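What follows is a pair of complexes built around chain A, which joins chain B in one and chain C in the other.
Let's turn to the complex of A and B:
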């Protein structure tokens, strides 16, 4: 049974990584604690669900268009509103994104209500000896890891990615090098929203989507960023996988009611002994 | 005496107009019964809060369009004063106090669920304001010694007793049970009740575990259940949790001859979210619309309530809708009986109430719980519908083994 528990933890961890990577990027580069992140995930989930319900579009097909819509939303929000206060203390931007989150949350409640909704697709289960891998979880894990990997490559290899890294390391120097910092900020925020939207499309197949989950996903993103380290894609991946495994294994040993608690305890311990997280560092090398 | 200048006349007119408006407002307030209701319009229980709002508005519309509640021969309209407590217990407590102290409501309706009902009941008790609970069935809430708390739902124990009897009779080969409950007031209470009553009825409870509120993954406890191979899997929680639980049972190929989930399957969203996976899951409920009851209330019969609800919402009502409306009916009848809106007298009238309604009989026991309802319905999802299978009066089918 322990091998099934570990496998469950890994599959969950991959999804956690996808939940956190956009949040970590925005926090690390813009120094903005994006309280909208959970709302973006849920909005992505709702868009995916309704396109499946009304038009029969498979969630994995609608993933990219939904993610691009969220990119657009994130870009516009950052360019028009958040950019006005991005150089202010972090509490200012947190307050702004908190207010925007309340608007988004209540708008979704009004439009979609809080009724839990799920893309009811039965994709079957893969048997690997004694272990069972639900295809939707496997596909979600592959998608989540692929998106995370794609983001990592973009940050490393693309001009935009290098520009984002440069701004993260020193925005003044980056500006002197000819990088349009406000544009980079907006693109970064958009990428964060893109990842959130993509994650929403993935989770719509696995979890029932409801506005009441915005806080839950945001909380997970926080914990994962602290565990893995801020501003780094590998950090979000390691943090996500670590949290998924910890919740699974501790739930097995100490009871499921303690799984989330132990995750938070780990976060507190790391804040004391290694505040930068397992892979956290300033900028990319 | 010099005549008043034009300015002075204008000022005097404004003063007189304002005084008359204030006076008429005060008169209107005096002619209106104010009922306060903290509602979960946002947060984790927003879906349930929305159901309460639908039912409250149905009752309010019926009562006010007929002139209001008859209070000692005079009709008084009703005003529902609502606030969103954001599914936050502390906020519920603050808003309950605000409703009593600032809004000066005459009575209160409790929020959804046993946990937040307990919080509001404590405030109501302090101020001596009668409060009627729409959806609290945990005995622990009503054993606090509160004199002002009344609840229209029957206690948890009754539904579990009926469920055990039904399974014992139809599937006598069922011997072992595994229980998984949400770490929250009502679901934990139901899990505990099942543990106690199942053991007493001769079943072997192989495991009882709890999962945290906000859990996004139940694969670990479900994997454990799989390893012990129980005859009966019993899971408690709210809709989101139970949808997740059933999905992960399918992912891990976990099955048993009987699968019971409290209270998800009674809700339409459970069946819609799971599709074929919802089939043959059993549950208990406090009311089913197929009960053909008649009563002395604004609808007069279950059918009338059902027809109005379906006409508006285009779907079947569940027990939350019915119980929410019934709570207001109970308050209405108590006010009519007391012939006054005096809180203490209405409280006494509630305590001695014995009425028949579209929802069922309502008679509050010494602890304030509705003891009049017996034979609480048991449902099983069959062919995509929550079908009542007990008691005989409402049954539309028999208990099927879970495949």
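Let's turn to the complex of A and C:
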């Protein structure tokens, strides 16, 4: 029984990591709490669902185009609106993204209604001893992990990734080195939205998607960022896996409702005890 | 910014008298709007202590209102008289904010914002999973007051107006005292304020407690008024957002800003926006976006005479 619970936790955790990594990147680099992140995930989920329903496109195929659409949306929002106030106090940027989130939420509710929708793939179940592994979950986990890995490689190896890291470390110095900081901000926000859209495609295979989940996913992103530490891919991975395991184990003992509660309480405790997160370094607070 | 001019006070007195006279001038619907205006003015003024004066992006307001609602409703259902239950709810909320403030006020900026949002989530999850006490997700019924809708409506209107007046008097006192000065210093530069000998932790805690006490009473009174509360409505992050938007709309860290902002937003909400129910959230979102780009300092800090001169000159 316990091995099944741990396995479930790890599968959930991989998806959580993918949910949080884009949010964490935006927070770490732009210093913006992006309240739109949950909405982006749901939008990605809806786009995946409808392209599957109407055109029969497999979710794992539509994942990349959907994520690219979200990248465009994020890029434009940052370039036109958020960049104008990016250096203002946290209340301003948070309120602005919250306002944008409400517009997005309202639009999605009007267009898609609040009915939960899910891409039902029915790929069968793998029996491993006494453990059950639904194939769609395994595929989602692998996809989520590889996307997270891809982002890690992008940040490490590509020119854009190095520029983003440079801006995060010292934006004035980066600017002096010839990096176009507003452009990097817009690309970073775009990447955050890209990851959210890709997650939406993955999540649509596992959970029923509805607009009421925007706040739930956003809450997960908060908790994971605080657990793992801000702005780094490994931090989000550790935080995501930790939260998946915690929810799975405490959900088994105390019921799923209380598992969410425990996640938030843990986050509050960690905020006080270790605000840099488990993997965080000083200077990123 | 301290204003020593006297006319704004007269204007406010006239406004409060107008709200108080609404049962005699208008129908029950307008009386309800007057009650909402007084209620949101008090909530906005509460938020102004921590968010406006001290500059801390607190989202805990909804947690205070929710905790007040549940405390008041549970105590009232247990047999406590209504007014006593409200007072007890205020005490519970103050004890909560004083103890939680010691913890989360150690954080700054983004972390404080996230921590205070988490308080609201913790509140709503606790309310929905502790079913034996709170009725869980089904919500909680509170005894409906006897005396017919007219009388009951008037009682709650005057309750909310009294809370609004109390919050206003507190604001004026804070604004003119050393506390207000210290909070403004913290807003501008906390480290410098600390260095100059301001007891930063104490001042922040007082501001945080002030931002909770009226919310606690309002929550309890609101629960008695609507006679039904549920976890998601009581602990609604949108409520905090509205409070912050009202303060920003009027002018953060000013005496009259929250009153102007709350009146403007409630009247706008009831006249225009209630006709488009399916667009409700979207319109509030749009208001927020426009506010941030075109009125970043609020209505009261716009120099109208300059604007007028520019337009004509």
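Following the convention adopted for this analysis, the second predicted complex is superposed on the first by the 278 of 285 C-alpha atoms of A that agree within 3 Å, B and C clash if a C-alpha of one lies under 4 Å from a C-alpha of the other, contacts with A are read in each partner's own complex, and residues count from 1 in each chain.
FYI, a contact is a pair of C-beta atoms (placed from the backbone, for glycine too) under 8 Å apart; a residue touches a chain by one contact, two chains touch by 3 or more.
This structure is a prediction, so every number in the text was calculated from the model and none was measured.
A.B. asks: In the superposed model built on chain A, check whether chain B and chain C fit or clash.
C.D. replies: clash
A.B. asks: Could you look at A:261 and tell me whether it touches chain B, chain C, both or neither (first, second, both, neither)?
C.D. replies: It touches chain B and chain C both.
A.B. asks: Between chain B (first) and chain C (second), which does A:248 come into contact with in this model arrangement: first, second, both, or neither?
C.D. replies: A:248: touches chain B, not chain C.
A.B. asks: So in the superposed three-chain picture, is A:130 touching just chain B, just chain C, both, or none of them (first/second/both/neither)?
C.D. replies: Touch status of A:130: no partner.
A.B. asks: Report for A:272: first if it touches chain B alone, second if chain C alone, otherwise both or neither.
C.D. replies: second
A.B. asks: Which partner chains sit in contact with A:107 here, chain B, chain C, both or neither? Use first/second/both/neither.
C.D. replies: second
A.B. asks: Looking at A:4 after the superposition, I want to know if it touches chain B, chain C, both of them or none. Which is it: first, second, both, neither?
C.D. replies: first
A.B. asks: Can A:172 be said to touch chain B (first), chain C (second), both, or neither?
C.D. replies: neither
A.B. asks: Touching A:31, do we find chain B (first), chain C (second), both, or neither?
C.D. replies: second
A.B. asks: Can you list the residues of chain A that touch chain B in one structure and chain C in the other?
C.D. replies: Shared contact residues on chain A: 105-106, 109, 219, 255, 257-258, 260-261.
A.B. asks: Residues of chain B touching chain A in their complex?
C.D. replies: 41-47, 49-50, 87, 180, 183, 209-212, 214-221, 223-224, 227, 239-240, 243-244, 247, 250-253, 269, 272-277
A.B. asks: Quick check: in the complex, which residue numbers of chain C touch chain A?
C.D. replies: Within the complex, chain C contacts chain A at residues 51, 55, 57, 103-104, 106-111, 113-115, 117-119, 121-122, 125-126, 128-129, 237, 241, 244-245, 248, 278-282, 284-289, 292-293, 296.
A.B. asks: Going by the contact rule at the top, pick out the chain A residues touching chain C in the complex.
C.D. replies: It comes out as residues 27, 31, 33, 81, 84-85, 88-92, 94-96, 98-107, 109-110, 215, 219, 222, 226, 255, 257-258, 260-261, 264-265, 267-268, 271-272, 275, 285.
A.B. asks: So in the complex, which bits of chain A are touching chain B?
C.D. replies: 1, 4-5, 8, 12, 105-106, 109, 113-118, 120, 122, 125, 132, 134, 136-137, 206-208, 210-213, 216, 219-220, 244, 247-248, 251-252, 255-261
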